[in-house]
Amino acid sequence: MRIVSFGEIMMRLTPPDYLLLEQTNQLTLSFVGTGVNLLSSLSRFGHKTAIMTKVPDNSLGRAAVAEIRKLGIQDDLIGYSGNHLGSFFVELGFDIRPTVVTYQNRLNSSFCSSAKETYDFASAVKAADIVHICGIALSLTKETRESAIALAKIAKEQGKLICFDFNYRPSLNQENEVNKIRSYYEEILQYSDMVFGSYRDLTELLGLVVDSSLSAQEQLLQVSKEFMEKYQIQQFSGTIRKHGKEKELTGFIMAGEHIYISDSIALTYLDRIGSGDAYAAGIINGYIKNWSKDRTVNFATANAALAHITRGDTPMATQQQVEQFMYNPTIDLIR
Amino acid sequence: MRIVSFGEIMMRLTPPDYLLLEQTNQLTLSFVGTGVNLLSSLSRFGHKTAIMTKVPDNSLGRAAVAEIRKLGIQDDLIGYSGNHLGSFFVELGFDIRPTVVTYQNRLNSSFCSSAKETYDFASAVKAADIVHICGIALSLTKETRESAIALAKIAKEQGKLICFDFNYRPSLNQENEVNKIRSYYEEILQYSDMVFGSYRDLTELLGLVVDSSLSAQEQLLQVSKEFMEKYQIQQFSGTIRKHGKEKELTGFIMAGEHIYISDSIALTYLDRIGSGDAYAAGIINGYIKNWSKDRTVNFATANAALAHITRGDTPMATQQQVEQFMYNPTIDLIR
Amino acid sequence: MRIVSFGEIMMRLTPPDYLLLEQTNQLTLSFVGTGVNLLSSLSRFGHKTAIMTKVPDNSLGRAAVAEIRKLGIQDDLIGYSGNHLGSFFVELGFDIRPTVVTYQNRLNSSFCSSAKETYDFASAVKAADIVHICGIALSLTKETRESAIALAKIAKEQGKLICFDFNYRPSLNQENEVNKIRSYYEEILQYSDMVFGSYRDLTELLGLVVDSSLSAQEQLLQVSKEFMEKYQIQQFSGTIRKHGKEKELTGFIMAGEHIYISDSIALTYLDRIGSGDAYAAGIINGYIKNWSKDRTVNFATANAALAHITRGDTPMATQQQVEQFMYNPTIDLIR
Amino acid sequence: MRIVSFGEIMMRLTPPDYLLLEQTNQLTLSFVGTGVNLLSSLSRFGHKTAIMTKVPDNSLGRAAVAEIRKLGIQDDLIGYSGNHLGSFFVELGFDIRPTVVTYQNRLNSSFCSSAKETYDFASAVKAADIVHICGIALSLTKETRESAIALAKIAKEQGKLICFDFNYRPSLNQENEVNKIRSYYEEILQYSDMVFGSYRDLTELLGLVVDSSLSAQEQLLQVSKEFMEKYQIQQFSGTIRKHGKEKELTGFIMAGEHIYISDSIALTYLDRIGSGDAYAAGIINGYIKNWSKDRTVNFATANAALAHITRGDTPMATQQQVEQFMYNPTIDLIR
Amino acid sequence: MRIVSFGEIMMRLTPPDYLLLEQTNQLTLSFVGTGVNLLSSLSRFGHKTAIMTKVPDNSLGRAAVAEIRKLGIQDDLIGYSGNHLGSFFVELGFDIRPTVVTYQNRLNSSFCSSAKETYDFASAVKAADIVHICGIALSLTKETRESAIALAKIAKEQGKLICFDFNYRPSLNQENEVNKIRSYYEEILQYSDMVFGSYRDLTELLGLVVDSSLSAQEQLLQVSKEFMEKYQIQQFSGTIRKHGKEKELTGFIMAGEHIYISDSIALTYLDRIGSGDAYAAGIINGYIKNWSKDRTVNFATANAALAHITRGDTPMATQQQVEQFMYNPTIDLIR
Amino acid sequence: MRIVSFGEIMMRLTPPDYLLLEQTNQLTLSFVGTGVNLLSSLSRFGHKTAIMTKVPDNSLGRAAVAEIRKLGIQDDLIGYSGNHLGSFFVELGFDIRPTVVTYQNRLNSSFCSSAKETYDFASAVKAADIVHICGIALSLTKETRESAIALAKIAKEQGKLICFDFNYRPSLNQENEVNKIRSYYEEILQYSDMVFGSYRDLTELLGLVVDSSLSAQEQLLQVSKEFMEKYQIQQFSGTIRKHGKEKELTGFIMAGEHIYISDSIALTYLDRIGSGDAYAAGIINGYIKNWSKDRTVNFATANAALAHITRGDTPMATQQQVEQFMYNPTIDLIR
């Protein structure tokens, strides 16, 4: 089983010790991204994975690729072109102080400026069992949008399972109209089998309408059903978060007529970013291994929770570690 | 609007990672002090600020002044003399373990050994709108006490608003009698308009008497009124803390006949020191901007709370960040 | 009053900042062990202490001994032989993520390969008032087991107080049968006066049987009584932990017919390891100083709690600091 | 005397300890650039300085401006726009291993995308005595080129001294033709008074021809004279380097008919970058202070040498420190 | 072209900043070894590589394997067993102070305790073009010795090129007799094609006799010829070092009747360890690419020199970087 | 053999990586001083040592004492009083850039403010074989001067060997007249047996006159002889340094009528400070062990050279390491 993800490798630069950028000149560099995070987690669950992307052919690009290999992701689909990696700074929040993410220029990155012709999608898909596409590609540049859609089409033609993650960030789309973005999403959704997203993606981006007199969970059920029918989606899943001083994480899978809800996990964040990717990896792992939806949704939620209490964007837990965490939640020391 | 503060720049030396001094030889250096903290915060709120102080004319003094500029405070009122900066160590507490502050010799610092004649108070006050004086100057040396009082007097004569912060630390005054210290405070209070302090400053230092059968809030109201009448103070404000495992911060402003109490904010400390200065900066900012007392007291309390969950003594939040924190307290990620 | 402990000095290697071994190449080295931790704490309580052990005669051994001296433990009973120090990695947990300890080879360490003939137990015991032996020595190698038992016998003959700590780790004994290990424990218990352990040590290792219809505390009382009578133990003490998101620590002393239970302390761990040794040090300190059992059990529990909210295995609090923590639990800043 | 420089603030990201990017994830952030480096040095020589540039209005931009103030440069001419700061990585060389600089995308930075209309050049020039322009602006974008030329023109009209630094980097101009770049340089040179550059700038970029049968120094003299006459330049200066295992630095000033050559300084580099800016600052300082050309060229060369043996791009020496280094070169400890 | 190396992955623990173990508790962890170093370098020269070894199945083993992948080495021949990785400390020397290496126990490592039956040598050799064996395996344990010899035999049978590196360390063999070790070396040499070693390996270990009246180079020539004839070796190569304050490195290849000597390179060490492996990688690269012996010996020596001025054991240079260093030795800045 | 030294423990605060104070906020803390450095070295040579001093009774004082023990120095003569430790910053030089030391206030330290009555000199001397006094005590305060002289007198009365180190720093004595300081030195010299100093101490401080027509070495011989006769000194020793880019260190001992000169050692400094103390420790070690003057002077010079190429003030080499360095100067790797 080999999962190929199409997405960007980005540099994350993080000040230590909850410091702000103005307070220190020390930074920790990591290479992240939805694809990187998802595949790292899947490789820890025992699957072969490869990322399809572009990086510059210089020290930085080579350092990025070396880290990708370290995470257990194969590097044979990475091309070298351009001279820029997208980057962002993370000033980690503490307690009720929010985490602040500051993006640097991304649109001129090697990935964002690579046209679809620069990829050999047909061969890559042939050697894959599952193809994963991150929705951010639809909002970035003409090149990334066309590449994502071309890849989805080829994967559909070859009959591979296509996973699509909304990852819609209103803040990244200031100058685009929602309508234009929506049409891109609608195009790719027609090729998608397994979709990751949230209630808001369906209502705010796709414009689906819900009966606001229903309970929150009923609204989610209603709008998910409508979404899955409209776009012929096989499975839709995501997380629900309780914010504020006492945080809580819950996962859901909508499949067939049913919605499967995980147990809620109360937590204190160590690192706010990347748990959505951990959740998706958990869902895909359960899917590949033919687990029940109940087992899958609880496993994915536990993986997402562990990602919140682990440093960095990238999930690091093996399946054994996730299960130990699920089934022995009060163990605080493992020798 | 330019605020000038008279006070000491001190070195703070902090071991990393909640370690004790015996456990590490790595220290982080910062330059702090009531004046520094207050002005840094005010400069982030959009005001011009300058600190009036003395540092040694060597590498260390220049490093201190460079940091002051970095914080957004103007350095034109800093004089160079002597060869010592006061310093203290902070061993940060964790959970219910307290933070421990160890002072090194301070009385021979450049600031503490500079006589009032070495300052040009008249010109400094002329170029200021608000003058801020920290009460610690009254307990340190004859030189700092005389300078503080001389400055207050000149500011009064020139009709500038004078802010005075009690900052009374019994532990710093072991060898002085309370009576002597009280007389110095009484002298400077006659020039003061806006005062920062606590219930204990009024009862223990100034010796005001309260009816102990009243509720805590009524006692505060009663003794504050008496204090303001006796010394002709325009506004008195401070914070009330709930200690222990579940900590909480509340602010108050006493003005006219009324006391204004902020919402309480529950928190986990990241850094115990400096929030009183953040609170005072918030109060002065509301005053300058003619905000209502309610808005002011809640803004100042939020600024103080943010200081507790930010590294270092020095408040780092802009007005926009404080307000986002006040009005969207459950946001945990800002992209 | 001089306490001598027989035990191993181990290297602990800890990644910073809650990182996993795969996430960083920075490690912090400390030298720890039951004996080291216990004696460090006792020396802070005003007692003379010495560790009896072996380290390699190289840079690493000398660095270990230098750290031992730094902790306040005398190094005159440390011998130099072999070429290996046992080591382990600690990946610190966060919130509900458990701490993971990975041991490296230990059985070939200088300590584990030193036969009883290489120690001068008679002289060491003569110069000691209390002899402490860690039960791990019984499970490691033939050499450590025979040394521990020989030392206990000599101490008994010389009439010194013998403290014995079960420290039974099922995970370290995979290849030994419980029966064999039990017989070693039974042999050393006949020489022991003051014992540290847990309910599970008595039931799982020694095989004592309890009436499971009793309450947890009654079970502990029953099995402790039986244990103390059977092996002629003067005093038995240990801790009870509440795991999960809300952690809690409680201590007990069983002496005569009574069990003394401390107040429970709620905490968030900074470092999961070493608090058992802090607890034992507190108990021994109370014993030496002839404190009441109530004072002793609360002091020991407070010392153990402080160890949990202090970095590293090794307790660092002085008696004054423990007492300040016990009697002024809401103080969060000491200047 | 106030010097205003027009140029970019860039992020420099440097791995510690001579490590390569593939070997570490720790980086040190500094904010540098020709203007920053030059002005930092001039402010240490006692002059008022200000940088005219653009940074993004976010955490990163504010951190950059805070560092600028720390360096002693005034921030009142810095505008906030765009959302990107140009960045580069420096993998420091060691001994005969070269330093490697990897640029990230720069053309979309706040500075590079700001049109000349976004600056108030007239007011800025009015408040300045000397205007400094870095030639890199000519190669970056249409916006930076037009701004640089507009500023030079206005400064000329207002009769201010204009310093221009070639800073021509063939590697940055791969896609531009030399001819186009040459014409931009020729345009700005007609406004320039004091120029910094090298022999190669005159021959390779401007295309001046030399008699290759002359000695190296005679060639420099000949081509400099021709250059100064052709473009009506008042003074031309730069450095000559000896590369390889034994490095050496020598400075020259061409003024009137004469060339002034400094003593050569043998050194081992601590940080390869930024010494050209230190040299220019030394020349400008000597000019402002009306020093002899001999004193000036030796002072500037010493400042450049100190920059090579100091961490970072940015010169940090005061005039007193440079002179101590010049006149007491064998002192190795200052107490 | 795939090169498989049989050898141990070891942990190297290095204090920062030229500190001794007694001076710091900060360590940097890297995973090294002759095989790791050689293959890392070969993978940078464009070859596929894999290491055949054993690591423990725990956090540490997984971290080691992740780093191996990061270095560009395939991990499919790594087995998981045992619970110990061999480790050593490196206290880096400075100037004329020597580097000190302190080994911890190695003989109980996963690698050293794995019998030949635990490897599938036949399949591994089938998928390889070149097999590399490090001579240290002959001195460690019965298991490593038998494995190394079995692998060599199988590779010979399958007709693959066998590279053997003496790596004879008298200090590791204190308790073995030279005669026994010599017989192991003699056994494996009969299978070997390309050998790496030194003059002393031939005379001190193998006991070959030289005419001491000859010059050093003639002695090397004479003894190498005798060695190659006796054991039917195709090519023998190694380095010659000049020690002391002015260090120098020279390489040689003995092939056919001729000895090829490289240019000497003068250097200052940044990291003393690992350059022998870089040299061997350079030789193998030249062999695979059919370069002339002259080009090969100079390339290998340059790669070894770069390893000395790069942090860590592991060579990091690409072929392009080595060649740039060879052909442009005075370039000190690459942008 | 127990050596007791009377002197101050000071905090040294050092920025990392050759950075200046203005360039970083990271500092490394060490506890140093002439006595600390000397005794640390002597304890590594196998002697019992103790420092007689005062530190504050707080976290900092305890951390200082813990480090003293770590260095191998006994802490039983350290008293606790006052609340200040003297401190200084070291900005390490690089190549030809000098190291800069910035002292903070020292005169109010625990040591400097402790009167002679606070020490029990008689008992301390009784338990010592050698008493070492650092001349800085004569220039600091009345208290330190009187204590030093009292101690010297008691040691003389008890017939112990008295070592005295000039350590005269003109920069520390700005406000004292040389004449006054000279009289203090003359008083203590009458009790001294073994003296450490330099040519300049004899001529500039003591005012001895030399025939400037003699060679440098003859001048040293002449003035040393005169000095030893005048003050009845048994042995006088010190070092001669060659400054500049190529540094060199040479030691001398003047005893009887002869001067013994060591071989010169060429070096590159890693840390400029503390080698004088290493030299003195080497001389005392040779004296105790009855070595020839030639062996002693070469050993002491090698120890001083090693101190220059080791981090920190404090010498760290054992006798075996010094001798290996003397007799095998070209070994660059010890396994």
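Per-chain residue numbering starts at 1, and chain names A, B, C, D, E and F are given in the order in which the chains are listed.
The rule is short, and it goes like this: a contact is a pair of C-beta atoms (placed from the backbone, for glycine too) under 8 Å apart; a residue touches a chain by one contact, two chains touch by 3 or more.
Model, not experiment: these values are computed from the prediction.
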Identity of the chain that, by mean CA position, is farthest from chain F: A
Most distant chain from chain B by Cα centroid: E
Pair exhibiting more inter-chain C-beta contacts, C-F or D-E: D-E
Averaged-CA centre spacing for the pair chain C and chain B, given as whole angstrom: 45
Centre distance in Å when chain A and chain F are each reduced to the mean of their C-alpha atoms: 62
Residues within chain C bordering two or more other chains: 17, 20, 22, 25, 66, 70, 100, 103
Chain F residues touching chain E - in the complex, by the definition given at the top: 16-17, 70, 265-268, 270, 305-306, 309-312, 316, 324-325, 329-335
Contacting residues of chain A [partner chain B, same complex]: 17-20, 22-23, 93-101, 103, 169, 171-172, 243-245, 247, 269, 272-273
Interfacial residue positions of chain B with respect to chain F in the complex: 13, 20-22, 25-30, 58-60, 62-63, 66, 83-85, 87, 89, 91, 100, 102-105, 107-109
List of chain F residues in touch with chain C within their complex: 66-67, 69-72
